[in-house]
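Multiple structures are listed underneath, in structure tokens.
The same subunit A turns up in both complexes below, where it pairs with subunit B and then with subunit C.
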Partner chain A sequence: MNLAQQIINGLVLGSGYALIAIGWTVLLGAARLVNFAHGQLYMLAAFLAWAAMQQFGVDYYVAVPIAVLALGLLGVVLQGVMLPLVMKQNLTSLMIVTLGFGYVFQGGAARVFGGDPQRLISPLQAESIRYGDIWFTLQDVVTLAGTLLLFGFLWLVMNRTRLGALVRSVAEDPKLAQLFGINAARVYIGVFVFECAAVALGAGLVAPRSPILTSMGFDEVILTFVVVVLGGIGSVGGSLLAGFGLGMFTALFGALVSPAYTTAAAFLLLLIVLVTRPGGLAARR
Partner chain B sequence: MARILNPLLTVEELTVRYGALTALSEMSWQVDAGEILGIIGPNGAGKSSCFAAVTHAVERTGEVWLGDDRITDLTTFELARIGVRRTFQHNAFFGDLTLLENAMAAMLLDHSTSLGRSILTPWREMAKRQRAEKAATELLTTFGIARQDHHKRPGDIAYGTQRLLSVVLAYGSGARVLLIDEPAAGTGGADMQRLADLLVDLRDRKVAVVVIEHHMDLIMAVADRIVVIDQGRKLAEGRPADIQGDELVREAYLGRAA
Partner chain C sequence: MTDVAKVAALQATGISVRYGGNVAVDGVDVTVPAGGMIGMVGANGAGKSTLINALAGWSRGPATVRGKVRLGGRSMDWLSPHRRARRGLVLVPEGKGIFADLTVSENLALIRPPRNPRGRHPFSMDEIFELFPRLADRRTHKGGMLSGGERQMVAVSRALRAAPSVLLLDEPSAGLAPRLVYELLATMRRLVDRGLSVFLVEQNVRATLELVDELYLLERGKLVARGPAATMKDDPRILEAYLGTLKT
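Our next item is the complex of A and B:
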């Protein structure tokens, strides 16, 4: 095994996991809200970008922002529908509702985009970079850089701005936040729009790695949920760490043991972490 | 009952219905800046519904005025922004934050930095954060919460101080009307005296204070006027001495409670 190459693979995989999970991390941290349609939103964004390129012949660099914008708008609509449930923090109903949205998106996408695997082609994917016996693509570099930038930006917003303080106070106690003069409904919508837009960006950067299918959403949900929970509910830094950790684990486990059992092993790892550190990696002990 | 001239907060015929139950029926009262209005009545009389109705946390009919401004249609957070705030029977603060962070959160809208400025001028953000911390420290200490408690979480301080904290946070960077729901619940002795002092302090700061309280000695000592509520209706209104002497009130509330 080429260890250096596996570490590169781990970084590449990990940055993808972290990037796709970031929206859900903020959503869970800020709105105490799960969104089981997250994976289908990823799928939808990938197919929207693909359709923009195939049907309308736009550039990859234009198609991805279009997908981000479209998903942001979709976020407003979805959150508008769910707002009464969110304000009441009716979590059980929200789980079912988001799961329902997921299946509707999956069915709708299969109807519109068909059941065949497609490729979202990024020009960056073709640019490979070699150093001795390790190699990676320009797409990998952009994904990694984009992930680190987005996490840095998010940390800045959450910890150093009014917006972040608003989001954090609503996360703690929406009723109390309202008594301090904060419009909780608007914060919820904002967070949800961020989640949708962030997962669309993740799809734009990560989806070119492998063929896309309208049925791929559920796998994305599961792996993203692992990253979010492993990182510690709602912890921005924790989910970054968990994303890279899971990526590294997947790469090394795949190379050393067998790629076929990676998901099972990842869940075993999750079990161990949760039993020994119930609050996730970022928990204060 | 004589109406006060130019009251700060006027509540007119507020009615709250929960399904078939009328929790509050045509409730009217006024409170002026620098005045403490006590609201008393048996359990389930509609006292807390009255606060929920004023702060628009429930559907209601009637009118609410702040000075000459009609504020009936403002939402809870808009009311909070113009300085009309309430506390709850239970303690209300962010359990995972320290007292100082809680106080900073309560004054969030006055002491925070927009995204653009935070990126372009990070030193200003830092200065502003230090100012916010200073203002938060000041808020807590002026209202008698000792410095050694500022870096503890609310769960780790004395219960009496927690009650105090809930009121102080609602005051934040300056409320105009404070509706305080059973501040002394579960306290006694010295803690109750500190709460009484806090209420008087707020009155001295020209806040219009409305207090729901079951401790008769506390309310009789600090309130300027008292409204007695029973079964969602106003039963009596007057100075504490008058209320204590009122036969109707004795029968409906004081007598029944004793």
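Our next item is the complex of A and C:
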């Protein structure tokens, strides 16, 4: 085994996991909301970018922003529909409703885009970089850099700006926030739009790695959930750490043991972490 | 100031609040004159908090509110709580009044003072730190790390930053040491003397009587007495139930 290559693979995989999870992390941490349609939103964004490229012949660099924008708008609509449940913090109903949205998206996408696997082709994927034994693509570099930049930016916004304080206040106590003159409903919509747009960006960068299927949403949501929970629900830094941790684990476990059992092993790891650190990796002891 | 010049800053009529089938407040009228301080006392569970929350259009539970609320003559009835707060009807709720995860500065910075403070009472940060010097040293502390008194000071400060036309205070003294209670309430009185209008709900009848212009007594959701503080001081219902002595 080429250890250096596996570490690179781990970093690349991990940045993808973290990037796809970031929206959900903010949603859970900042709004105490769940969205089990997260994986299907990823799928939808990937297919929207693909369709824009295939049907309208636009460039990859245009197709990804289109998908980000479209998902952001979808976020406004979805949150508008769910707002009464969100304001009541009715989490059980929200789980079911978002799960329902996920299946509707999946069915709708299969109807529109067909059931065949497709490829979202990024010109960056073709640019490979070699250093002796190790090999990676420009797409990997962009994904890694994009993830780090997005996490850094998000951390700054959440901890150093009034907007971040606004989001954290609504997360802590939406009722009290109203007395501060804060329109909690609007903050929820903003957070949800961020989630949708961020997962679309994740899809735009990560989906070119492998064939895309309209049924891939559920697998995405499961691994993302591992990252979010492992990181310590809602912790921006924690989910970055968890994303890279899971990526590294997947790469090394796949190389050293067997790729067939990676998901099972990842969940075993999750169980161990949760039993020993119930608050996740980022939890303060 | 003459009585004629004291127009109502806040006028609430026929306020009733129900929780499911239970009537918590039953047809109460409240008038807060501009530049006046009104106190409301009553036993635990009399409906004081429910009433003051209803004025702000706010509730933690599923409350149904009826009645009219007018702020400076403008109807507040269909406005959500955050809109009422922005218009200057600012409530400091009982108990948890600030965010524990945010620093003192962040808590205060959440408030955007109104651009047009006409008819309102804006407070600069300097004035806030002048009123509560201790907060200046606690700026970078998180809300959750403060003492009860400090937390209450931050809660009042953020309400003042919102430039209230009427300040609604729900038991600001709860959980504070007696000396702090008096200090906080006396600070409120000084602000009233500078023109702020305050509606105060309190358990501490003795301190309230010394500071307010008018006192309301609430029992089982109904207003049973109201009058100038000087006369209410001798009201047998107040004497018996709250001051623990009957004048002989």
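Structural remarks
We take it that the second predicted complex is superposed on the first by the 285 of 285 C-alpha atoms of A that agree within 3 Å, B and C clash if a C-alpha of one lies under 4 Å from a C-alpha of the other, contacts with A are read in each partner's own complex, and residues count from 1 in each chain.
Rule of thumb we're sticking to: a residue touches a chain if its C-beta (ideal position, glycine included) is under 8 Å from a C-beta of that chain, and two chains touch if they have at least 3 such contacts.
All of these numbers come straight from a predicted model, not from anything done at the bench.
Aligning the two structures on subunit A places subunit B and subunit C in a clash. Contact with both subunit B and subunit C is seen for A:D173 once the two complexes are overlaid on the shared chain.
With both structures placed on the common chain, the touch criterion links A:R162 to subunit B and to subunit C.
In the superposition on chain A, A:R130 contacts neither subunit B nor subunit C. Shared-chain residue A:G181: touches subunit B and subunit C both.
Within subunit A, the residues touched by subunit B in the first complex and by subunit C in the second are 162, 165-166, 169, 172-173, 175-184. Subunit A meets subunit B in the complex at residues 156-157, 160-163, 165-166, 169, 172-173, 175-184.
On the side of subunit B, the complex with subunit A involves touching residues 55, 75-78, 80-81, 85-86, 92-97, 105-106, 108-109, 112-115, 118-119, 122, 125, 129, 169-170, 172. Only residues 162, 165-166, 168-169, 171-173, 175-184 of subunit A touch subunit C when the two sit together in their complex.
The part of subunit C that touches subunit A in the complex is made up of residues 56, 58, 60, 80-82, 85-86, 90-93, 96-102, 106-107, 109-112, 158, 162.
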